[in-house]
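Two complexes, one shared chain (chain A), two partners (chain B, chain C).
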Partner chain A sequence: MRLPFRQQEAKDSLYSIEVKGLTKCFGEFTAVDHISFEVKKGEIFGFLGANGAGKTTAIRMLCSLLQPTSGEAMVAGYDLATQPKLIKRHIGYMSQKFSLYDDLTIFENMQLFGTIYGISRKELKDRIFSSLEMLNLEDKSKTLVSSIPLGWKQKLSFATAMLHRPDIVFLDEPTSGVDPIVRREFWNLIYEAASNGVTIFVTTHYMDEAEYCGRISIMANGQLKLIGTPTELKEQMQVDSIEKVFVKYVVR
Partner chain B sequence: MRVILILIKKEFLQVFRNSLLWKILLLAPLAEFLLFPYTADYEIKNVHIAFVDHDRSSMTSGILSKFSASQYFINHGVVDSRKKAEAMMQADEIDFIIEFPTNFERSVVTMEPTKIGITANAINTVKAGLGSEYVQRVLADYLMDLSAAAESPLQPKVAQLVTTNVYWFNEQMNYKNLIVPGLLIILVTLIGAYVTALNIVREKELGTIEQVNVTPIKKWQFLLGKMIPFWILGMAEFCAGLVIMKLMFGISIQGSLLLLLGITAIYLLVMLGLGFFISSMAGNQLQAMFIVFFLFILFVMLSGVFTPIEGMPEWAKYINYANPMSFFMTAVKTVILKGSTVESIRTQFIVLSVMAVVLNTAALLSYRDKVQ
Partner chain C sequence: MKELRQILRKEFTHIFRDRITLFLVLAIPIMLVLLFGFTISTDIHHATISVLDLANDSQSKTLVENITASGYFEVVSYPKSESEIDHDFKDKNIKLAIIIPNNFEEQLTTDKFVTIQIISDVSDMNVASILNNYVKAILHDFTDEYNGTATVPIELCTQMMYNPEANSVYMFVPGIITLIMIIVTALMSSITLAREVETGTMRMLLIAPVKKAWVVVGKVIPYMILSFISTITIIVISVVVFQMPIKGSVWLLLLVCVIFMLTSAAFGTAISSLVKTQIDAMMITMMGLFLPTALLSGFLFPIDNMPYFFQILANVFPGKWFIIAIKDVMLKGSGFMDIWLYMLILFLMAAVLMTLSLIRLDKRR
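Right after this comes the complex of A and B.
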């Protein structure tokens, strides 16, 4: 029998995510192999790894979109095994693939998701317009999502994932395929959110972005190989950049 | 409630912005109604016939002209020999050979037994069957005329030959009366099962369903948010079909409109549940399409939409107990053509309601907001 672990302390715990031995097997293949780690509240936590290392699988399990094979996790103070709906209420998720509705406008998409989260009509309208203002998209609210560039789409996904003011937001490669200017804007959004106390869980392939994170972890072959602040990892591996840490680790 | 409403709004926005889907929903019924009733008609016209006349009497030429006068036949006239006539049939030029024996006229007058040979080209079984019925009618007609004119003792005997067929509820034997309600049923089925299944599976493919699943939405909210819009569309399509049926074919509903809409509402729930259930089994649109298509063909062939159930073997009738389309077809036909009341389609109501509950429960249980 699975007991909700440390449920009592979790409410006022230092951590917003605690993972213990989380594992996912697809048949013979182990995509995520007993990973354990903690993410502090309000931290920007970078999740690095080569393609196919198991990052997306891990994120999808933490968002209760994928059933873990074994292991347990507390997300936003709730037990993944027994309280998935409560977790979902307190997290935001931006998937690797753009997945808002192409045939709805920017406003309609935000209205749809905001309403599902139970935000009141008036409050929702205020939140939508203030976040569109922040993204400089206020005059585009009636534009169909299919006709906006990828950079805007990514910012829109982020804003939509943040509408219900989640405690944690999971970002799965949010900046892949966008230009450097949008990437910088995007990271400004991330910092802004983190400064408001939101925990950011982000995966990326860009090593310069890894340097922006409070702490990073490196995954390879489904296992968590390294975890620490960028400075700690560089010192530990005796190199001068995260890219070298990554290459050294993945090559080993 | 607000969640359901916003989901309905979203679905309608998507349907109306999807110009292709919208056009298909609009044009499909029109096209079906314009083409189908005229092509899928069991009435046979232009039956090609030729005669082999060993008698060459006034009676045989009288019969010949009777056939020429009929609008159903194209008379190829008298052929020299049986062999030649058979060659014509081989070449597919004629459908029937009518052969008069020698001394035919004399036998008829003296009331000796005699036979007219009718040979039918049975490649097209419907044409052969109905055609030979027509041939016999024309022959009987002729003999009737003959005996009436002669006031001869022939009369009673000939009169026995003549059978009168009256087709109940479809007096003119008008197949449009059967085909058109059948088309209505097909439309409702397609919207219910096809459009719903494909819609949900498409969201799986695009990944948009995951963005919805990561919210605290409840399964039943998601289910209703999908079903209500397509239920409304299906009902609208059915009503449009009824209007076309009335305007184009002059078929009016003999029974209660409310009753008809009631049974359709329930049938749509069955089909929506089925579509939803299929969507949770299928991984992509192609799989969903194959599953729905297979079931659809099975339903149609067994339902009695195009072929009479009475002619099917016993085992097929048993399969039909699990065929929602068959129950719906019976109900729709009897309400539209016969004017049945609630009592007479009670069975259909009960069976379809049970099916709706079972399929929608299965849909709700099989829907996973989490990949296993």
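Right after this comes the complex of A and C.
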């Protein structure tokens, strides 16, 4: 059954992501099994699960990189099935794997991605320099990306994903492999973006980071097992940390 | 269009920053042509031979003169009998002996049929067959001069027609162009596309609201331009240094090259759509395209001499059609109407593969 979505304009809603029965099968294997949830606008939504639980597949479907087998979703107010192009304009994405070009400079990387999102040249230059300023990298714009440390690269990826001012940003394990100080700085960036009304959809394996989220969900075997605020989940499972919730659920 | 321009700009930046690859891509074609042209040449000049002239009349002397004047042969000995020829092979290291029979002139005028015996040292088969062909060509010319009343037993070698000196550079140039285009266009674009998949940047591009076709086209065009530059370099060197003729239209030749570039690019794109890593892209392009093209396109081994299965298989690889087309244009002076079929085959290969790989890329989204 299809919801009566309006075709071209973004649906005005309290939620920036609404997912109903989203499923992805690869042959016999069901990677994502009828998951349903909502994410409010400006919320920091933690998407947890063990390796292979189906998180990345779910994110790739929400970014319209992968066609769902069944189910439906509204992302940034657009229908995933009929308006993938509009969704792409309104979302940002950053993956665990650093994915900027090593042999281009910081400025060239940002200019490339800004341009393909259709930002005008002058506007783009202003945005690039203001975000480099925020990251304290303004004097590094001509540095090749290959020669900067991983922590900087991750922050730079985030800034690049935010250049076109998306409504939602998907972060797939953005802090894996970086030191605790950079992780803290990174989360400051996330908070700042969220306070500007950007919805943050983040996956992580760091349970302390899960505590920073407004709400979290836990996936196991392709299914969404739990969803709620960190406090709710801890009370529900009668434990004192998200880590214990996670271990209890994933082991079950 | 702005997006395409940006992707092109990015790709050129990659290329110009990677100086070593750029140098190799531009220098290798030049090195290859010069190498093939000067060293791996199968032309033989001044091959040492013996002539046993049993007739010793005016016609036989003319024939021997023709043979020496050709430049291919140097007569090092005039044995008096057949037994001496054997010594010449061993002691004077001759490659070939020619025996002109008794009463050569008489037979030529009255019997209208003469048998000339050639004894070759076939320990090097290639040299032997090339020298045999030279002798046949000289005999052919000789009978022509003799106003065609006599028939000297001659097998016609069709290749001799368009490359009378059997100049091997002419044979290698189309092959080198083919291999270079496959390396620069197919190999480089399959590797560079696979690199984007491997490093994850492809996902960043596909997640952006940019047409997938632009991503592929933007990545492939720079390598097509590079291979076009290489192709022109090869052609210029072969014309200037090796006096290779371009009997047909230069524009038609360039058009054929552009079409083959599209085909190579399409093969590269198709291969990259099947693989996830640069190594796989490289291995498949080398083993699945480069090697079969080198072996089956008729550039190293004549297709007609292959087992039937390989003759059929050769049709699948674009190199065969391209080599036929450019040889025809350069050596025979063929026009568009003569080679349109080959061009169509190449173009269809390009269109089908490009469509399939875009569809596959679209499924990945």
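Keep this in mind: the second predicted complex is superposed on the first by the 242 of 252 C-alpha atoms of A that agree within 3 Å, B and C clash if a C-alpha of one lies under 4 Å from a C-alpha of the other, contacts with A are read in each partner's own complex, and residues count from 1 in each chain.
We take it that a residue touches a chain if its C-beta (ideal position, glycine included) is under 8 Å from a C-beta of that chain, and two chains touch if they have at least 3 such contacts.
Since this is a predicted model, take the numbers as computed values, not measurements.
Novice: Based on the shared chain A superposition, would you classify chain B and chain C as clashing or fitting together?
Specialist: Aligned on chain A, chain B and chain C clash with each other.
Novice: Figure out whether A:89 sits in contact with chain B (first) or chain C (second), or with both, or with neither.
Specialist: both
Novice: Once the shared chain is lined up, is A:65 touching chain B (first), chain C (second), both, or neither of them?
Specialist: In the superposition, A:65 contacts both chain B and chain C.
Novice: Please work out whether A:112 is in contact with chain B alone, chain C alone, both, or neither, and reply first, second, both or neither.
Specialist: The answer is both, since A:112 touches chain B and chain C.
Novice: Contacts for A:101 in the overlay, against chain B (first) and chain C (second): which applies, first, second, both or neither?
Specialist: both
Novice: Need the overlap of the two footprints on chain A, from chain B and from chain C, as residue ranges.
Specialist: Residues 63-67, 84-85, 88-89, 91, 93, 95, 97-104, 108, 111-113, 115-118 of chain A touch both chain B and chain C.
Novice: Can you list the residues on chain A that touch chain C in the complex?
Specialist: 63-67, 84-85, 88-89, 91, 93, 95, 97-104, 108, 111-113, 115-118
Novice: Hey, which residues of chain B end up touching chain A in the complex?
Specialist: 2-3, 6-7, 10, 13-14, 17-18, 206-208, 210-217, 369-372
Novice: Of all residues in chain C, which touch chain A in the complex?
Specialist: It comes out as residues 2-3, 6-7, 10, 13-14, 17-18, 199-201, 203-210, 363-365.
Novice: Report the residues of chain A in contact with chain B in the complex, numbered from low to high.
Specialist: So the residues of chain A in touch with chain B come to 60, 63-67, 84-86, 88-89, 91, 93, 95, 97-104, 108, 111-113, 115-118, 121, 144.
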